[in-house]
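One structure coming up, written as structure tokens, with questions to follow.
Order as written gives the chain letters A, B, C and D; numbering starts at 1 within each chain.
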């Protein structure tokens, strides 16, 4: 029998929940056991109270875990009813989550310099990885993309964690370069010096990044998003078409070897 | 074309909402226009926020209206999800209601002494009528029934409004007589002196009261309860079988001439 | 303001906009007159009515269920003559203001549908068309029994077609939709109303009895919506006659899904009971959506679903 | 503690209690092993599996709808051999602890059902019975096409009956339930599982496309419950073989309604995805209810609905 999901049901309590950019919130939740168990690239599946017509949990990556404080931090965009309700949860409110879910990043021990390419609300798992790289003493650069300055998150944090370069691009040019972050990323990859690439963001962005990494011959991992019902391998709704067949994003991913991904 | 319902959609704000007996709450809501429009025996159909799976409004009678304060008071038993959510509404919270609905009491002008027979959570519309009788200077006695002392409401208020006798019965004997309030009611009716009877409560109670009134030859009105979807005559779900055919409780009632009611 | 043309033609019934009301959830129209501007609607469909009065079912006739409600009204109605006496003047005036009146026809048998329809045709010159309810889940004979097989439904329609030259709609049961749609189209129906409430059951687990006076009732409300949209799409691919989409419409977005799936028009049901002005809010939302799609005529969006 | 006997017999499958899991919502059991005590369940039904592996449908395979969800997984499965390799040891051990294993059988045609079933019979001596899924709404051929008419369903059952002497269950489509129930009973089915998800549709009104990779998907969750209870009651009156009630069970009360309507056993579906331990909570609530009814054996409550 394959290994079951490491996920467990945990109670959590909201510690803080605040807007950090346009329609993007940062929530800190106390869940001590989870904080100990989770690792970068994994996710949690959160039950948000308040609408009995909407039954499923909401899958979210995390940005960092604080084992001492027993908490984790997540950043989320308000895109629909579930995330809107989440944004209204107040400190002290409680609910449950299922986690940690899935397989996170696996940066090879031999890695010397990594390139991180993150776009939109794909930043959280990549920033989480930056914490790991920082701790492991692996150098990294970042290409960060966003629609506009108003929705840009993570630049400071990447710098604080010791990123070499943090190259920002916005679609509308209101911060950094004007255009997609995949262009500087491709240039940097071609220039060489990287032995690992991690990416998360919109599907076309990840596809381009993976193609550039492949061209440069650099190992690349990508964190994929799928509609998920359970988050622990029971329902088969979160499929990713890979070169090895259909694989569930919640168990075999969300982080995949990018060269295996057939449909982004 | 028959007369449409006098009901309109009104915004309301909770003024106070407190328990007054076991699982029975009194709520005061501000809705100035409604307070002016409503009359004893009519009801309102309240939208209770908080559960998107439960869409219908909750029909409730009212206990008294204060035109100056622009508010009405309702008493309700917590029996299911809707009334439970209502009991959690806090002062300042708002929602909407449809009202006033239906046809209330029509105490003939000639009335000199009325007997009011109310059981359980049937008290509110009857107490509301007592306010009217008090104002019109019509004498009245009350037979009040409840499961036990813990769920008894209204005795004080009836006395305060100048009731001649307030005869309390409880099923378990913890207050007043032990037994059903229909027994003293039948005795008092037989003893005579009444030219009007009003009743609201469990169906068997109303049936017995109506039978006793008929025997005594006294005109009797009863406020009936039915499952209601709309509360303004549009759906036909609130039917009462009467000697004149099926009649909707939300338009032809909730108060009916008891001698017309075939199925309670 | 939006510049989208909203007028639609439902089998010969020319509606100024696609929003109408579902039979049984809008009374005879006048019940809403003090609560909203009824004449802003494209059409209203009146509660099902038979040649002679029906008492309907005993109480309780309604139970709430998660995401909807269940009713067993059982087509209580005053008979066509009573209906016309009670509501004729109002409806005639409403028709004069440009809101089309669709009268729903009930019966226990083909003969009863025909005699009700004949009366309607005679007494309601202001009616734009008639909807045959062969799908009421709450009457023992007729109703759904007449609408659950292609043969039975077609028989009713054929017989009714002979006595009526105004537009005839068929209110469809939520079963075998493509087969029945084809059968009633062949039998001469001008349009389809899809769907009627789905039979359901709700048991009080302490008393072991139905929460209605009958074992089953008809489900309405949001819980129907994805099922009804699918059935509209099935019918849209099966027939050429236009469709009125019904089932759980609470918002303009819900209505828009029906239009994309192939409905030319939509009818609001339970939403009007909860919130009497819902149909006009839905109309406004639908118009805003059509505008956002960049079309000049809402008919361009009918069936625009890309499979 | 309750003194109610909870054991039930579902067409020869002896369950220590009436609570099982619905195919496709409980993986192959082991996915839940770290999240709950799976061996406390009366039975589990494994995800549908064909003779050879199926890839299932493209993403997205899931859309949330009010009161439920819609899936178009399309019976992705590793084939019976892959299934046994992957999950056989776990399931055999589970059977040893007294939880019955029902393996669900998928196919595109009668021949495919038969060959999958033959493999199952050969490779799964620990399986208590087999459930024929003739009602999957998400595969183009087979699935629901095999289960939507009495004739087609009976054909599959008859052919499967010949090659299998263990209990055979039929997972029923939510259509023509009484007719199909009778047909498959006659064809040799030992029990019925009622119902599979109802086909639905959800359209993104901005892109005009399905929110799934296919136009339609199967609906699960509370929105099904009153419909499913009604269908169980229809089947209960039509046949003598036992029924497993499925559809929107979130609480013991939901399960109790199925029992009263005539189900001998119930299966929990979507609830397990939202809350992995839901089935055990439901079992506890069901037992408490049975106790409250004053019976000594839950079988006394099967079909105890008073119409």
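Convention: a residue touches a chain if its C-beta (ideal position, glycine included) is under 8 Å from a C-beta of that chain, and two chains touch if they have at least 3 such contacts.
All of these numbers come straight from a predicted model, not from anything done at the bench.
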Set of chains adjacent to subunit A and to subunit D: B, C
Whole-Å separation of chain centres (CA-atom averages), subunit C against subunit D: 34
Mean-CA-position distance for subunit B and subunit A (Å): 58
For subunit B paired with subunit D, centre-to-centre distance based on mean C-alpha positions, whole Å: 48
Subunit C residues counted as touching two or more neighbouring chains: 66-68, 222
In subunit B, residues with contacts to at least two other chains: 52-54
Category of the chain touch graph - line, ring, star, complete, other: complete
In the complex with subunit A, residue positions of subunit B that touch it: 50-54
Residues of subunit C defined as touching subunit B within the complex: 24-27, 30-35, 47, 53, 55-56, 58-64, 66-69, 71, 73, 76, 86-87, 89-90, 221-222, 270, 272-277
Contact set on subunit C toward subunit D in their complex: 65-68, 70, 175-176, 198-203, 205-210, 215-216, 219, 222-223, 225-227, 229-230, 233, 253, 256-257, 260-261, 289, 292, 304-307
Interface residues, subunit D side, partner subunit B - complex: 66-67, 222
Interfacial residue positions of subunit B with respect to subunit C in the complex: 1-2, 4-9, 47, 53-57, 98, 226-230, 232-241, 245-246, 263
